[in-house]
Every structure is written in C-alpha cells, then in structure tokens.
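Letters A, B, C, D, E and F mark the chains as written, and numbering starts fresh at 1 in each.
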Amino acid sequence: MSGFHENEGIIVIAATNRLDTLDEALLRPGRFDRHIEIGLPDVKGRYEILKLHSSNKPLANNVSLMELAQQTVYFSGAKLENLMNEAAILAAKRNSGKIEKADIERAFYTVIAGAEKKDRSTIADIDRRITAIHEAGHALITKLIAPENIVSRITIIPSTKGAGGFSMNIPPDRMYFKKVDMENSIRIALAGRAAEEIIFGEENITTGASNDIERATEILLNMVRRFGMKQQTGLLNYDVLYRNGIRQVQNEWIEECKKTMDKLYSEVKEKLLEKKELLEAIATRLLEVETIGENELNELIEQYKKKSENAA
Amino acid sequence: MSGFHENEGIIVIAATNRLDTLDEALLRPGRFDRHIEIGLPDVKGRYEILKLHSSNKPLANNVSLMELAQQTVYFSGAKLENLMNEAAILAAKRNSGKIEKADIERAFYTVIAGAEKKDRSTIADIDRRITAIHEAGHALITKLIAPENIVSRITIIPSTKGAGGFSMNIPPDRMYFKKVDMENSIRIALAGRAAEEIIFGEENITTGASNDIERATEILLNMVRRFGMKQQTGLLNYDVLYRNGIRQVQNEWIEECKKTMDKLYSEVKEKLLEKKELLEAIATRLLEVETIGENELNELIEQYKKKSENAA
Amino acid sequence: MSGFHENEGIIVIAATNRLDTLDEALLRPGRFDRHIEIGLPDVKGRYEILKLHSSNKPLANNVSLMELAQQTVYFSGAKLENLMNEAAILAAKRNSGKIEKADIERAFYTVIAGAEKKDRSTIADIDRRITAIHEAGHALITKLIAPENIVSRITIIPSTKGAGGFSMNIPPDRMYFKKVDMENSIRIALAGRAAEEIIFGEENITTGASNDIERATEILLNMVRRFGMKQQTGLLNYDVLYRNGIRQVQNEWIEECKKTMDKLYSEVKEKLLEKKELLEAIATRLLEVETIGENELNELIEQYKKKSENAA
Amino acid sequence: MSGFHENEGIIVIAATNRLDTLDEALLRPGRFDRHIEIGLPDVKGRYEILKLHSSNKPLANNVSLMELAQQTVYFSGAKLENLMNEAAILAAKRNSGKIEKADIERAFYTVIAGAEKKDRSTIADIDRRITAIHEAGHALITKLIAPENIVSRITIIPSTKGAGGFSMNIPPDRMYFKKVDMENSIRIALAGRAAEEIIFGEENITTGASNDIERATEILLNMVRRFGMKQQTGLLNYDVLYRNGIRQVQNEWIEECKKTMDKLYSEVKEKLLEKKELLEAIATRLLEVETIGENELNELIEQYKKKSENAA
Amino acid sequence: MSGFHENEGIIVIAATNRLDTLDEALLRPGRFDRHIEIGLPDVKGRYEILKLHSSNKPLANNVSLMELAQQTVYFSGAKLENLMNEAAILAAKRNSGKIEKADIERAFYTVIAGAEKKDRSTIADIDRRITAIHEAGHALITKLIAPENIVSRITIIPSTKGAGGFSMNIPPDRMYFKKVDMENSIRIALAGRAAEEIIFGEENITTGASNDIERATEILLNMVRRFGMKQQTGLLNYDVLYRNGIRQVQNEWIEECKKTMDKLYSEVKEKLLEKKELLEAIATRLLEVETIGENELNELIEQYKKKSENAA
Amino acid sequence: MSGFHENEGIIVIAATNRLDTLDEALLRPGRFDRHIEIGLPDVKGRYEILKLHSSNKPLANNVSLMELAQQTVYFSGAKLENLMNEAAILAAKRNSGKIEKADIERAFYTVIAGAEKKDRSTIADIDRRITAIHEAGHALITKLIAPENIVSRITIIPSTKGAGGFSMNIPPDRMYFKKVDMENSIRIALAGRAAEEIIFGEENITTGASNDIERATEILLNMVRRFGMKQQTGLLNYDVLYRNGIRQVQNEWIEECKKTMDKLYSEVKEKLLEKKELLEAIATRLLEVETIGENELNELIEQYKKKSENAA
C-alpha cells in the first residue's frame, strides 16, 4: 500500500466502525490520503435521508418529513432507512398503498423500543401497576427538571425487546452535552426506581430498574473518566491511564461515584415525593389507556397545578 | 451485508443466544432491519406450545394442558417440548397408547430434577434422614415466608442428576422480581442448611447445601451488581464498572455480602427453630413415604397448627 | 442440531467429563433431550460391575465380589475394571489359572498407590524410620478420631508412584460429608507431619508431608469456598464471586485458613503426643514387617490400652 | 538469515514502524548490518520534500515553499505529500491550472483538522457560542504563556473529523521539550474548559473538552513515566517497571497527577479570568467572522491593551 | 480410546514429562490401565545404568562403576549416559582406547558445570580473586554446617556454561529433605556473597551471586508454598490457593521471606567471619592451583585447626 | 529425538538465543548431549574475530587490531564483523583501497550510536547548547567517579539513531560488576539531566534524559531483583517470586527505588555543581569543535585543576 507511485488510476476506499482498533500505520498520511469521519446527520441531513428512503414509497398528505426529521435527533442514516421501511411494512399490513402519519408514528416506536406485545391479558395486575408507576416516574421527572426534552410517548405496553413499558424522551439537538444535562439524564434514569420506592416501599423495589441503573452508571462513568466533570476525580482521562497500565483505582473513587448516585437519587425521590399525587394520577391514566403522549401528559400536569393552586 | 440495494428478493434470518457477544456492528440498523427478542412464553404461549407438541400424541382425558401451562412458569418452548416427549416415553414404557396425567407429572419432575434413582436400598439411614430434614427445611420455610409459591412436590428420592432429594417450588408468574422476593429466594435456598444445623448441630452440617449456597450467592450478587438493591453498594451497575476496567472491589463490599447472607440465614434458622416440631414431622413423613405433595404438606401444617392451638 | 423435525430416525448420543466447560446452549432442552449424569456406583452397582469384569476371569473360591464391592467405596466403574485386570495380571504372573484373594488384595493397593518397589536394600535407615513414624501417625490418628474408617493397610514399602509409604483409609459409603468429617480428613492428612515433629523435633520435619498439606488445603478450601462451613467466610460461594470478576480476597480470609490449619494441626499433635508410646510401637512394628493391616493395628492399640490400664 | 557467507550479491532491506515489537534477535549485528532510523524531517528536509511533491504541480507566484516548510513543524514526509495533493485537488476544484497560496492554506487546515462542514445553518446558537468561547480560551492562553508559538488560525467552523472548532498552534522547531514547554502544552489544552467555566459557570461545562483532557493526560503521563519531571514520582522510568511486572502504582501517585492537573487548570482559569473581557472579545469576533488568524488575534489583544491602559 | 473391547491385541504406551499438564481424563482408569512413574534411580539403579552405557566402552582398571554410582546422587539415567559418552569423548581425544578414571572425573564436572575455559590469561586478577573468595565461601560453609555433604571439587576455572568458578557439593542420597537440610542449602548458596562482603566490603559485593540468590529463593519458596515449613505462612499449600484464583499474598508474607533470608545470611556471615583466616587460606590455595578437591580442602581445615589450637 | 540408538551417524546441532523459553525437556541429558553457551568474547577472542573479518580487507599500517580488540569490550562477534564491514564501506566511499585507522574510528561510533547527521545548520542554538551541557555532564561525572572508564569520544553531532549527541564510555573488561560499579553506571546516566538542571534551572530540564532514565531504572531494577544489592529488598530473587505468581510488590519497595534514584541524582548534582565552571568549559569546547576525545577532555580537566590551584 506504500512506496509505489505508478498505480495512479486506482482508488482504494475503505470504511470502518472501529477506528480505535485499526493499526495506526494504516491511518498515517501516505496510506489513505483522505479520512472522512461520518458523524450523525443534523436535521437537514436527516430530512434528505428521509426523502431518499421514501422516494419509492407513496406518502399520505398528512406526513411531513421535515417534522419527522426534527423528531429523530441522534438517528443515524441506517436507522432512518429502517424507520421508513418499518412504516412501509405497517402500511402494507393495512393493505394501504400510502404511508400514513400513524404508520410512521408506530414505526418510530417500533424502531426504538421494539414491537408491542399484542395480547396483554396474561399480565398480572401488580406488574401493570409497577410499570405504570415506574414509567410515570421517568416522564414526570423529565417535565420537572428538563422541560426542554420532549416526552412524546409513555406506555405500559410491553415490547418484544423485553421492556415492561417505555417512556420516550427526546432531548434538543445539540453539539455538546453540559454537566447539568448529563446529571439530568442520570436523574431521569433513576426516576423509575424512585417512583417505585415512593409508592410501594423500599422492600418492594423491583428488578425493573436494571437497564436504568446500567445507563445511569455509564453516564456517570463518562463524566468521571473522559469529561473531567467530577471534582473528586479531577481533570484526568482515566482511559489514558488505563491504556498505560495504571489500573488501580482508589477505593475513594468508587465510593465517590456511589455517593454521587445516591445524591442524585435522593434529589429525584424528594422531587417526586412532593408531586406524589400527580405521579399517581399519571400512573392511573396509564393503567386506563396504556399509552399517553406529550399533550396529555402536559394536560395532567396542568390539571394538577390548578388543583394545587385551588387547594392553596 | 451493507451498501447494496439490489438483493431485494433475499431475506437473511439469524438467531443467537448470546446477544452480548455479537459484534455491535451486526446489530445496527441497516444490517438486520428487525430484531425480535424471544423471551420466555407467558401462560397463553405455554398453552399453545404444549398443544403443538401434543398434536401427534394422544392425551388421556384427565390431562389438562391449560393447567399444565399454569404450572410451568419460566419454562422455555424447548423445555415444554422436552416435557411432552418425556411423558410420551413414559406412556410408551407403560405400553399405553395414551399419555396419562401421571405420565406428565413424572415427566415434569424428570425434566427439572432428573430421573429417580430406582434402587434405594443401599442408601445409608443417616443419609436418608439428612435429606429428609434438609428438604423439609426448604419446603417449610417456603410455606412460612412465601405462601404464594406452590411447593408441588417434596421428595427424598435421589435423582440421576446427583441431588439427594428435591423440593419443588413454583413462584407466581410475574414480570418483575421485588427485593423481598429475591431475599425470600435466598432464605428458601438457605433453609436446607438451617434445618440441618437445628437438628444435627453445627458440627454436622453437610456438603448437601452446596448448590443452595451457590444459588443464594448468585441471587445476592445480582441484587448488588445489577439491581441496586443494597444500600451499602448503592445504585451502581458493577458490570459497567467491570467492563471499564474497574475491578477493584472494596473489602467492605464482600464483607457486606457476607453479613447479609448471615442475617438472612439467622432469620431462617430462627423461624424454623420455632417450628422445629413441624419440621421433624414433615421429615418423618418423608422418610415414611419418600415423596409428598402440596396438599399433604398443607395438611401436616394444619395438623401442627391445631395441635399448637390445643396445647396453648 | 435444532429446528428440523424430519430426522426422527437418528439418535445423537454424546458424553463428556467436563460438563462445566460446555456451551450452555448445547445443554438446553431441545438440543439433547435427556441428560444422564453417571455418578460413582453404589455398593450394588460396584458388585454388578465387578461381576461383569470378572465374567471371563476364573475366580478362586476365596474371592467374594460382594465383600470387594464393600471395600471399594468411591471407585468408578473403570477403576473397578482396572482392579480386576491388575488382579488377572498378577494371577498370570503366578502362572495360575485362577485369581486368588491375595491377587485382588495386591491389585487393590497397586491400583491406589502404585506397584511396590522391589529392592528396598538401598533405602537409608533414617528414611525408613521417617516413613514408619509418618505412616504410623496417619493410621493412629484415624483410629483415634474416625474409628468408623477402615485402615486396611499401612506400609513403608515405597511405591512406583513416588510415595515413601502408604496408609490406606476407607471411609464409610455416604451421600454427604459432614463438617466434622471434612475436618477429620484434614486432621488425618496432617498427622504424618505431626508425628514427625513429635519424634524428630521441629527442625527435622521433612518434605514427606507435601502431598498431605496439598490435600488438607484442598479440603479446607472446599469447606470455605463451596460449603459455607467456616464462620469467618460465611455462606457465600466464592466461585460465583470469582466467575463474576470479584477476585479480591481479604487478607483476613487467608489468615483465617492458616489459623484453622494451625488449630487442627495442634489438636492432632496433642492427641498423638498423649499416645507417643503407641505411635512408636506402630512405627517399630512397621520397620520390622514393612506392612500391617487393620487387625494388627487394632491389636497393637489393644495391647497399648491394656498396658496403660495396668500401669494406671 | 544467519551463518551463510555466500549470498553476497543479495541485499535485504526491511522497514518497520514498530521497532519495539520486533524480536530482538532480528536487530542484533550480523542480521541487518545497518539500521537507519528515519525521524521527522527538519526545515531543510521539509523544503526538499515539498519541492519533490510539487515538481509536477504548477505553483502560483505567491507560493513560497520555504515559508511553508517553516510552518509545517513536525510534519512527516507523507503528511507533506498529502498536503500538496490536497492543495492540488482544491486548485482543480477551482478549475485553476495553478496552486495558489490560498489553496495551500486551506489544504493545510484540512490535513490537520479535516474538511470544513459546509452548511452551518442548523447549528444551535448556544453551540456556536460554546465553541467560540472554548477556542478563544485556547488561543488567548497561548498568547499569554507561550508567545513563541504561532496561533495561525482560530475557527468555529466544525470539521468533518468531528471537532466543533479548532485553534491552530505551531510551536518552535526544536530537538528537546522542556518541562515548562510540556506544562504549557497542558495549560493550553485545559484553557478551553477553563474558558467555558468562566463564562457559563461550573454546572455548564461541556463534553467539548474531551479531547483536550485526553491530550493533557497523555502529556502529564509522559512527564511522569518517561521524563522524570515530577518530584513525587522521581527519576524512575515506569515503563521499565511495568515491563518487569511491577504494575502496582501507589495511590498517592494518581493523586499527585490529579493535583498537578488541578493546579495547572487553576492557573489557567486565573489568567483567563483577569482577561475575561478580552476572552469575550475574541469569542465575539469569532461568532461574527467564524475564522480569525494570527494577525487579527494580535490586533484584538493590542486593542484590549490600549483600552486597559486608557482605563487605568 | 474408550468404549471398544475388540482391539485386544493392541497395546498403547505413552510417556510424558509433564504429568501435571495432561487432561485428567487421559489419566483415569480405563484409559491407560497402568501408570508407571519413573523417578530418579537409586544407587543400584545408577550402577546398572552405568554398566549398560559402558558395555561397548572399554574401561581402565582404575574405574569403579559402583564408586561412580555412589557419587552420582540425583543423576537421571540420561545424565548417566551423558556422563559415560563425555568420558568416552575425552578418552578418544587422548587417543586412548580405554576410559580412565581421570576421564570420568573430568566428564563428571563437564556434565554438571560445563567444559572448562581453556585460555585463562585474559581474566583480570581482581576477577580471579573474587571467584576464589566466593567459591571458598561456598566450600567452607558446607564443611562447617553440613559436613555430611561431599565437596569433591572447588575450582576457579570459568566454564563454558558461564560460571566464573564452581564448588561441587554432593549431599547424601535420601528420600526426604529435612527443614534443616533445606535451610543449610540456602546457607550454602548465600555463602559466596557473604564471603565477598567479608573480604571486599559491602560496596564491593558483585553480580557473581546472581544464581545463588535465585537458587536460595527457590528453596525458600518451596519451604513456604509446598512444605509448610515456615510458622508465619503455616500449613497451607499456596499452589492450591493459587490454582483456585487466590493470588493475593499478604505483604507480611514477602516481608517474612526477606527476613528469613536476611537471618540465614547473617548466620553464614558470622560463621565465615569467625574463620576469615581459613577462608582466605582456601582462596589463596585456589589462586595458586585453580582447583582443589575434598582431601586438600579437609587438609587446609585441619592445618587451620592445629594452628588455632597452638595459638590458643 | 529420544529412545532410538540406531541413528548414530547423525549429529543434530541447534542454536538458540532464548534458552529461557525452551521446553525444559529439550535441554535434559539424552536429548542434546552437549550444551555450549557462547558468551561474549574476551580480548583474545575479539582479536581473533577481528582478524578473521579483516582477512579479505587490506588494512593500513596505522591500524592495530589488538588495540581495537582492547577498545571493544562487550562487543559480540557479529558486532565486530559489523564494525569491520562499516569501516570497509567508509574506505570504499573514500575510494581508498585500504581501511585507515580513521575509517575504523568512525565505523566504531556508527556501530554504537548511528551515523552522524550531515547538515547541522538547522539545529537551534538552544538545542545545541542543551546537548553540549548534557553530554559534558555525562563525560565529566565519569572522570570524577569512575576514572578507570575510558571516555573516548564526546560529541554534539546528532545521529541518525535519534540521539542529540553522544558520550562514549568504555568500562574495564571484567567478569563481575560490583555494587559500586552499578551505582556509578546509574550516576553517569543521570549526570546529563543533572547538568541541565544546574545550568538551565529545574523548570528547563528537558526530554533529552529519557534514555538515560530508562537505563538507570534498568540497572537499579537488576540490583534489586536479581543481585540482592539493596538492603530494603534483601536477598530474594524477585523473578522467582514473579514466576510463582507472587506479583504483589510492596509500595515501600517502589518508594525505596525512587529514594535510591533521588539520592544518586543528588550526589551527582552536588559533584557537578562543585565543578560547574569545568562543566561549562567542556560544553563550550563542544560547541566550538562539536567532538572531543579522551585526551582533550583530560587536558580541559588539567587546565581547570591548575586554574583552581592558582586561584587558591
């Protein structure tokens, strides 16, 4: 690949998803002259990609690809293609020649959370109630601490991907994450467990928070290891230390992570406890209709506000 | 697998049991468009599967597949198929053209615990007595702390899978496990050893609790590592830490696990000690008839209650 | 291996000695329908196996296969076959058409400890004396603390398997080991070293206890790691912890093992010291006749008892 | 490869980028007689290389290859070739037969930071402002503590290599790095984060400093591990220790690195805080024109100085 | 290799030097029926082996194979064959048809220590003197603490195997090693360094003790890890712990080894210091004649004794 | 390779550079009968090798191979061959039919340090001055603490092997290294850095000491790990411990190494500080003439002595 000038007519193109594992020699100038990093598309890019993948699929008039582009923050091109394919399948199942807005909406959640479980008659009441409280916790805390995020869908319908329910959370489309954004993401992740504890008591917290805890730990670890966002651990990149064989971490280090998590959890629990009635109201509504959207959620919050004001 | 639109007539289907070990790139949208996670079947699913696998096997009138579906919580499809095959073999051995309820029952325990050892004449009396006390411990504690579980069979017949005896324990069919459920599972696992200690003394506890301790440790570890259910270790996912090279665990951490186990064990021992007479009664019955079921167990408990009330 | 129903005429049988290393997927229902764990045979099983492997070998009248079955606790089928083959070779060497009881006895010890070293003229006197004291220690402590075990042979004849001598120890045929049994096994293992220290002094303890210490450590480790038999380390299965990456063991943990070993060793030393005269008597007899059996050992103990009583 | 004298007409030439991973035996005298280490070219070498790679590319009169050689400190030969190719492509895109100075300048930044993102209309205002403050921080601190470095370009145009912006920093062409140079490199790396904290507050520091922290950690680690530049860790080469299996690092060691980083960060923050107005002025200018060069940066600094003096 | 009875005419023989690394399944009864461990030959065995390997080599009358057998403690059969071959080569070099006693003696040391370096004219005087003192240290301490060992040869002639000199040390032919024997082996190993320190001072100790320290460490480690000979570390087999993943060793543990080594070294230094004059006398003799044997060593010691007595 | 006596006409010869990694079985007697370790040649050996490799190369009269043999301490045979080849190339470049003394001298330094960089016009003055001070430090400390070493060449001409300069240091030709020799080697290695600190201040120490620190660490580690030359770490061979899985090193251990290095560095700094004027004089001379030899170095030292005496 090196040292010959005569093969000028030949262009070698290569792609990789694991830049970090390539032999450095391959990346040096003189091997592949031009490196093009393809990041996630921005809103314009998403619009173009959606247009491309719906070029051979007739869309109903109520479908706005630009609107869809705005709702699909952090989707890759392939995920967008997947979304349009899924919508087309749903339209075909309806024996319809056109993709309706409703097809796209359903496809949207299928892509993210998996298809809905059809028959829910065998789910125990207690499991449905746990799910409702848990998802209400995620949704409510989002509205309380990160109102710029869109909670477009809360559901207690189990998915084929294994989740008992689901609370959709779309953050604004940004280049950077702030420290407070990352802490809020942790708080939102922990809110399901916090809601369970408030309503059912500490002895009855469930395994349902497993993915939430995993996600919260990952975010916290990134804050510590790569972003220098925790005073205790300072401005070191711990991956660099690790690559250099320094794998000994101070006990206080883990202890500090645990404390941070406990602190964020306590804040969330306190916030939800103040709005316990509203939390239950959202859960109750979920048990009635299984799925609610941004608008209904806001309505429930408004009703609660008015009621509180009247009570005061 | 990527980048060509022309192979539209071809559908690639792949299945895996080890999602966690696949190259992430395989899982991204654009590779396999639709991911379907096949979890354990619910009661309806189990019923359908049982029906499928008995379609070519004539069933006696006393067999109710729906009832069987209710008793086979957390069975996979393959395990259900295995159960029906085993029952068919037993019927064939009886030279019977029909699968009877008794065939299914025996098959049920064979699938779970292995086939029964035929000749028990060479088992030492002390070994039989240890098994009886040990299994009585498991069964009795279940009735005392988790009465919603079904103890459908207690036996001191050794199995070809190596167990000296067996105490069947069917929990309710749920989506989530509560903290208290997990602690009760640990308590039930430890009850065999506790019963041994109560009856034979600390010096005579045996190796028979080996699998119980393994299982109890696994449950406790899950509570700590993935479910954030122990205050001491907090809301961190320790697998995430581990994957990131943080493998140093505080000594206090292990110490805490040990203390929890000791505490749960003490509770179990105390509870069984209060019912020592009943424990012995169950064991005595087991030594007489080798196997007892849910009903007989409940009867023994009732008899004991009446006797206690009369005595009081 | 999965998913096809049509190959119904084909039966796949597989065997393994390392169940723990198989891919779990192979073991799931639907792959190999029936799993049969073949444990060690019980006394009846051993009798049947012995009968099978002597079917083509004429046995003398003084051979009782049932008696032999009783003496071969924890022998596998292959080991039993090996035993009968070895006896047949010995009979053949004698140019005898029949296997005598003596052939089987010699074969028995060959199978366990290896063949005897023929020419012992070059062994130093001090080495013979060390062996005699060491083996007398093993044998005497067995009689003192675990009289239910059979010490069928004590010898100072070196074997081709490298041992300087050998003290046969047959425990009763049981399903479970008690804590006290395991501690006694450790005590018996340590008694060789203890006898050396008593007779020759601490500076002259030898490398001859190497295998004993290895065995004692293995038993103690099992008590701690898998059987929850040590208060200090509690009811955790440490292999589960280890498999989950928790490989940090508290220093106190090792310290505790060391203390336990020291305590058991002290007990053994004290017990042997009380019977020092008897210990020497057994060793003296071994130096005279090289090998003694259960009966002669009991006789020496009886003689000592009488002498002690007379002295008192 | 060894031991034969007769193959005198054959010359074996080999090249490697990973001298450290070769079998030492290959490197010993008698194998490859002459080892030639090809380091980075000095200014004359760079001039010759640039001349070679522009021999078949017509250059406009305003292009000075010697000047370019002076600006490309630490470029390898291949990187220089890459630079000329990139410039030729840009000229071709302009449909120009000659490479202009502007082509080379754009190529220069493309080679280092990647191509510019064309459409910037979708970038959120807050993200643009964060980038401007962050890059202004890097540029300003360079002028304050290492005025011998050239800051030839500051930009808030995102690149296709993933950066939000870019601040070019050319150090003088030297054989050695001093301790103070390395500390200044760390200070410059940390200045982006420091600027963010000053302007937006500690809660709003962002993930944008990720690469900076990685780079700062790498420099600090080199100071400690290979260059003996930290009193606390002394004059040991820790890679030698590591290769010899000594992988235990004192907790105080990591603690010390953290403290050093904190100290350098505090110094930077203090320095920028004193010039907060100037920092904002540079950022404001960046928001207006997206990219500024060395001259404009110096002008902004001069204006600020005069204003300060007038104010005083 | 298992399960077929029909291949009765075939005998499979296998040999291994690494029993510990074989799959255990291979070793189980039923696979290889008979295991024969071939240890080192005893004196009779060595005599027979020597006879075999000299059957086609004419021996001079002054050669006694039985005597040679007595001097070759712990030689394997192959090493004995090697010895006879080496002697035959030496005889052939002498153009002699018969192997003389002198050939065997020289062969003996060649086999153990390597061939002598022919031209010693370029060795620095200081190096010769260091070797002489060092070897005298080994030899003298042997006579002082382990007089049962034979010091058949002390030499300051460097060998082709890299040693500067050599002090032959033949222990008695025993089955077991006592604790005191092992400590004496350590003391003998450390005596070279101790002699250097006494004569040249602590600043001038040399790298010449490298192999001695390695050997001493190995013996000490065996005492600790496998033979339970150190109170501090007790009766545990640390290899068993290690195989079970317990790799954490207490700092005190290493500290204790260091202390033991220091203690043994101090004892040796003290003992040699008392006999410093004799040490120098042996070294002086070595510098004169390069090599001395058991008899001359004993004579030097006797002379010293008489002189001391006269002086007293 | 074993067990057959009939292949007597065949001789198998094998060579290895990695004796430590061979399967031990290969090395046992009976496999390869004779092991010949080929160490580095002594002065006579070097003379013979040089003669061999110049047999087909005409030497000028001013070339003395014996002298060259004396100067090439610790050169292997291959390195000597390499040296003669390099000299022949240099002679050929001069179009000379004979190898002159000057060719050999240049070849000598090329073999050790790499070829000289031809064009030095682009080296910054500060870099030249740093090199001069650094190399003067190495050379001066050698003369002060190890006058038996020959400093045959000090140069500030960069080499193609990457060094900025070079200070040749030939120790006497010995079999053993003393503790004080090893400490002096560390002191000489650290003197470059010490000189930098004295002249330019602590903030301006450079990366130029990187290889020196690596070498010093390697020597210190050998003193500790294999040669038992540090009281703190005692007479243990730490490689033996390591091979046996004991990889935990006490923190005090590393701390002690660091302290030793600091102590040796302080001594060096103090010694150079006393002779600061002389240090600068040597550096100044180097800046003037680029390269000086043993004689000129000694002259500079003499001049300084006289001046100091006059001043006093």
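Operating definition for what follows: contacts are C-beta pairs under 8 Å (C-beta built on N, C-alpha and C of every residue); 3 or more make two chains touch, one makes a residue touch a chain.
Note that the structure is a prediction, hence the values are computed from the model and not measured.
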Hopping along touching chains only, can you work out the least number of steps from chain B to chain F? 3
So chain B and chain E are the same sequence; what rotation in degrees superposes their CA atoms, nearest 5? 120
Taking mean CA positions as centres, which chain lies farthest from chain A? E
State the chain with the largest centre-to-centre distance from chain C, centres being mean CA positions. D
Note: chain D sits from chain B at a C-alpha centroid distance in Å of 60
Geometric centre distance via CA averages, chain F-chain E, whole Å: 35
Out of chain B, which residues touch more than one other chain, so two or more? 247-248
Graph of touching chains, which shape: line, ring, star, complete, other? ring
Can you give me the ring order of the chains, beginning with chain E and going next to chain F? E, F, D, A, B, C
If we count contacts the way the header does, which residues on chain B are in touch with chain A in the complex? 24-25, 28-31, 33-37, 39, 42-44, 172-180, 182, 226-229, 233-237, 239-241, 244-248, 250
Residue ranges of chain A in contact with chain B within the complex: 17-18, 76-79, 81-82, 85-86, 111, 114-115, 119, 121-124, 126-127, 130-131, 158, 160-162, 164, 190, 193, 200, 202-210, 213-214, 216-218, 220-221, 225, 242, 247-249, 251, 254-255, 257-259, 261-262, 265
